[in-house]
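The following blocks contain the structures, represented as structure tokens.
Shared between the two complexes below is subunit A, which has subunit B as its partner in the first and subunit C in the second.
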Partner chain A sequence: MKKDLKIRLLEVFSPIFAFIIAVLLSSLIILAINKNPIEVFYTMFKFSFRRIDSIAIILYNATPLIFSGLAVSIGFRVGLFNIGVEGQYLIGAFCAALVGFAIKGLPSFIHLPLVILSAILGGMLWAIIPIYLKVKKGVHEVISTIMLNYISLSLIHYFIADLFLDRNQKVVLGLGSTLIRMPKIMPSALMPKMHGFLSLFGINLPNHVYLNWFFPIAIILSCVIYYVIWYTPFGYELRAVGFNPIASKVAGINPNSLYIKGFLLSGAVAGLVGLSDLLGYFGYMDLDFPKGYGFTGIAVALMGKNNPFGIILAAILFGFLNRGAEGIQTFLGVPMDTVVILQALVILSVVVVSEVMIRYIRYLDKKGAKI
Partner chain B sequence: MIISEMLASAIRMSIPILLVALGAIYAERSGVVNIGLEGMMMIGAFWGALGAYYYGPFIGIIFAMFAGLVFALIHAIVCVTFKVNQIVSGVAINILAYGVSRFLSIIIFKMATTSPPVEGFKDLNIPLLDKINVLKPLVTHISPLIVIAIILVPLTSFVLRRTVFGLRLKSVGENPLAADTLGINVFKMKYYGVLISGILAGLAGSYLSIEHTGMYVEGMTQGKGFIGLAAMIIGNWNPLGAFLASILFGFAEALSMRVVENGIIPYQFIKMIPYVLTLIVLSGFITKSTPPAADGEPYEGSEG
Partner chain C sequence: MEKIIKLTNITKKFPGLVANDNINLEIEKGEIHAIVGENGAGKSTLMKILSGLYQPDSGEIYIKGKKVIIRNPRHAIKLGIGMVHQHFMLVSRFTILDNIILGSEKSKAGLIDYELAEKEVTDLLKRYNFELDIHEEVGSLSVGQQQRVEILKVLYRGADILVLDEPTAVLAPQEVKELFINLRKLKEQGKTILFISHKLDEVLEIADTITVLRKGRLIKTLKRNEVKDKSELAELMVGRPVILKYSKEDIKRGKPLIEVKELIVKNESDRRVLNGVSFSVYAGEIYGIAGIEGNGQKELVDSLMGLLSKESGEILLNNVDIKNLNVNEIKRIGVGFISEDRHKEGLVLPMTVWENSVLGYHRDREFGLWYRLNVNRIIEHCDNIIKNFDVRLSSMFIPIKGLSGGNQQKIILGRELIRNPKIIIASQPTRGLDIGASEFVHQLLIKARDEGCAILLISADLEEILALSDRIGVIYNGEIVAEFESKEATPDEIGYYMTGGKRKVEV
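Right after this comes the complex of A and B.
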């Protein structure tokens, strides 16, 4: 009993412990450029939690990362490594942008769900190829999704700069040329901000904050996925295959069918990653559409231990780091890329610490067995 | 004339891909998947430009190879010693390389995305052949790194087939347990494989910044590290095959620049060729590809 408690505690604290190691390592880098790490991290905190609007920005930053972390974690649960979230969300966002500008005259309560649905389908579509190649041809999903990420980049580039380029833009005075972007999405397809709702509780956010309803949607989706993974037969089979595909096959579960369902679900969630930015901030898709959420999502899923609620916390932590990064660059002249380094170190230390911990638990088990 | 010009341009484009592909062969033959090569190339491009800026191109490539080595060492410690998932580590290495090169670029060059122009090596001309007009683009103004990269192809072949080191490296990637029982130090061989791949990826990066562009530009690797992996796969984990695949990809890239001028096919589609081709080859539509048997699996050690 006491040993079980010890193991539980180790499991809960290992990501925190790993984070501290990553912070210490990046402190060395800050020291190397003659800055005081304590001052840097203190400034990050002060800058981030100084005002309520700053906290709202952190939640806005966290929104795409929750979706992305969830998408990666669903893959992990069934034993697949979805590095392709990056490409899946770009395709998803493109489909959303397409439906958002091409269909006109719909009321918002039809148009917005339609746009979200097309993003989901876009993400799923881009997940079909790697899972088909895996199940039918035995191609490892990591290699195929890496290749598909680059294919999607080129494809999106072509769509934005060529096929669906907005050619009706007026040249803004003083700006020599038009922007390379798709036509603007109809207002009926944009996601409203949370400002009105929050002001009911006396929280008044300024206009430069873009926190929108995708944040609560991300939280609700996390709960739904938690329920599906832990309390439904489908979730049970998913975990069984992820844990041991051969044993589940013996038990009458078809691993391939679960691989397909799990990966498509992962792709569907991945399709939602870019929407908070697309429908809550930009309002159109251009070549500078944010990239890299798919990779940060891997860090979020690892840090959150593939648990939806852990993922929410990890995403908020990363959202805070990105917000704090602006602070240290503005006030201390420390490059904001310190935070990128920190994120990479978090990934490495989380996996190393959890590996060491697994070995330690195995050692404890062995010791227990001897007595 | 136009053909030899195209070919010369294809070779120039294929060199960084080839160097990464050769590096990837060393890593994967030892059984370690290294998708961090993209990042090692990126960090090599930065340190190459840095060294070349202050001390000239020779020190530049030394810096680049050393930087690649350091990042490869991280990968090796995490994957071989701690036996962590090799893909996770590779993803982290790529993010780390991106962050570190931006960070250092701001600190050293005061700009996040570019370095000042740097000086490259003196070009070589092949004597006698450079008198023939038709061959002129192929045999004049050659970077010494091109020569080194091409020599590395038969050299790698020789190392893998004929030397004790190469045979041990391959045995570790095929069946580590058997290699271990024969007294081969599995962990040491895997370290060698990963470290060599890092050195070559660093060299590939420095070719881009010192020789190809004449400066460091953020994101200049443009996925060439992954194309290198693709070249290795299409080349079926063999140096000569990887060489041919690299030339093919280099040719596609050279072509994409010509096509922009003419505008027949959107150049974005030409850019997809390496990736689409890799998917097709992996699916077994053209040839059968066979990776080393124990590729990507951490070795637990004989007692575990």
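Right after this comes the complex of A and C.
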């Protein structure tokens, strides 16, 4: 029993060890550009946590990463490596944008859910291809999803810049130019901010904060996924197939069916990744729509140990890093890229530390087994 | 006589366990010295110390009277100690000659001196009476022949002490005989042989001296003629009297519950791996399938469980044609299934014990509905298995990989047998288990038989087949080539058919 506790603790603390290592390593880099690492990290913290609106921005930053981390983790659970969250969320966001501007005159309580549903279906659509290829033709999902990421990117560029380009933009003469974007999404499909709700509790957020209801949706979804994975027969089968497809097959679970269901679920969640930005901030989809959440999601899932609650924490950490980056750039003149390096180091050290931990735990296990 | 190996006070500790506890062992030159013990008794650790894979924590090793520290396997072979592994380390696409010289090739002008190698290896073959064509590819050899190549490999490297780790585990009875002839020949030539085994009959047949290990300690070293019989040795090994013959009730044969008719199964490359197999198993009997592994046993079991589609033929389980049924549906008509490889097929090792206790039955109504597993009920169920099947564990909430092999197997048995199946298909049910756990498994199967269950037992262990079965079918090359009433069967005769002797005329 004592040994189990030790293993548990190691598992919980390994991401924290990893983070500390990453901080130490990036201190060296900060030193190399002639800045004081302590000052840099202090500024990051101070800038991020001194004001309530800054915390809200962190949570807003974390929202897409929670969805993305969850999507990746569902793939991991069933033993599949969904690198394609990136492409899936772009397609999902595009579908949402399309349904958001093309359908007019619906009340918000129908239109918004419809838009969210289209995003889910878009993500799933983009997940069908790799999982079909995997199950029927034996194509490894890593290869096909990477390729599909490129295809999706080019495809939405084509849609945005050509097929669905908003050609009716009014530009005040002599001021700026038109944006390369799709038509604006109807107000009935936009996600409201949380400002009104939070002001009930005396928390007043300024207007430049875009924290919206997708954040609580992400938290609720995490809880739902946690329940599904650990307390339903479906989640049981997902995990069984993920760990040992042969034993699952012998036990009457069809691994292929679980691969399909798991991957589509992963794609469905991936479809939600871009919505907080799309429906809570931009209100339209343009060429500069944020990219890279899918890849960061892999890091979030790794760091969160595929545990939905771990993923929330990891996503918030990454949200904080992004927020802190703005702070050190503004106040210390340290380039934001330093934080990109820090993020990369976090990812690397999480991988290395968890590998070391796994070996150590395996060693402890062996020790235990023989007693 | 000269002591070729002397170990004094050898202790090797692993965290939390003493694998070798103060072992004192002397081995005489030119003897066949058997080391017996259950799994985990410390046999392998001791041999790994001798072959340089492990360093002892304390104690001394003397080889040919000189104190040595064996740094690594290469050093061991320099000292004359050659290890013949249980799992062969051969390159199947290479010829015998290539395999033998691999790693110690002698070269001439930068090229391998094949002329010299061929001469040396041929001499070696002559000297020890090995009959092999050295230009044949290793992949096309039988298991017994491959083992001879392994032995030749260490001889070529100049070993005069051969360590054989469970050499008979993979061999048919005839091949065991041939191996023993080779070993005796080697002994005549002055080689010393360390023979690790837990098959007591074989040990008694071949060994001059027997050392018994138990839980890391050396219990006793005896001369062959000091040992009365097998049970004495088994008792030393286990530390208590052991049942070697099971008492079974007289057979009350009922209706046929497993009927296999003209079953033909092809593999991916369109070869018939089962070629017209027919047999029946009746309620109240154990039908054993004897055979060397890879002769279609796995395909037979998979077909019976609906995991493999057949070319033609018919399978009736409990009078139900299973043609269109999957493994779930087959289990629901009262079939309990113990698969051959518990780690690969029977369990999901990283999942907890309680989760594994319902693997395959987790969709049953009693364990929950589609949206909710009834965890409390499953835990209760698991507790039941633990109590009824004597599973020893610290907690059911740990991953099942933390349990010993015997306890893992008990969980599987419990999972499959607690539902009182009418049919049990048990494939290699005691593989890798120690004597105590094997005994437990055997008694469970016999109890099920006495209660009227039809049991199909597939095992590579002929002793197990003979001890449990009422009838025995011998499988060779995808066919049942002979069928015996167990009382009439002798190991020799079964072995004859196992290795491809002619088909027995229908009786």
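General observations
One rule holds for everything that comes next: the second predicted complex is superposed on the first by the 362 of 371 C-alpha atoms of A that agree within 3 Å, B and C clash if a C-alpha of one lies under 4 Å from a C-alpha of the other, contacts with A are read in each partner's own complex, and residues count from 1 in each chain.
Throughout what follows, contacts are C-beta pairs under 8 Å (C-beta built on N, C-alpha and C of every residue); 3 or more make two chains touch, one makes a residue touch a chain.
What you see is a predicted model, and the numbers here were worked out from it, not measured in a lab.
For the composite obtained by overlaying on subunit A, subunit B and subunit C can both be accommodated side by side without a clash. When the two structures are aligned on the shared chain, A:219 is found in touch with neither subunit B nor subunit C.
After overlaying the two complexes on the shared chain, residue contacts for A:250 are found with subunit C alone; subunit B is out of touch.
Measured by the number of subunit A residues touched, the leading partner among subunit B and subunit C is B. In the superposition on chain A, A:335 contacts subunit B only, with no contact to subunit C. Touch criterion met: A:240 reaches subunit C, while subunit B stays clear of it. Contacts of A:313 after superposition: neither subunit B nor subunit C is touched. When the two complexes are overlaid on their common chain A, residue A:52 makes contact with neither subunit B nor subunit C. Closest CA pair between subunit B and subunit C after superposition: 6 Å apart. On the side of subunit A, the complex with subunit B involves touching residues 29, 33, 81, 83, 129, 133, 137, 139, 142-144, 146-148, 150-151, 154-155, 157-158, 161-162, 295-296, 298-299, 302, 335, 337-341, 343-345, 347-348, 351-352, 355-356. Note for the complex: subunit B touches subunit A at residues 33, 35, 74, 78, 82-85, 87-89, 91-96, 98-100, 102-103, 106-107, 112, 223, 226, 229-230, 233, 266, 268-269, 271-272, 275-276, 278-279, 282-284. Put simply, subunit C touches subunit A in their complex at residues 14-17, 40, 305, 307, 326-328, 331, 337, 339, 344-351, 355, 359-360, 362-363, 368, 370-373, 375, 394-395, 397-399, 401-404.
Within the complex formed with subunit C, the residues of subunit A that make contact are 1, 4, 231-234, 236-237, 239-240, 243-244, 246-253, 363, 365, 367-371.
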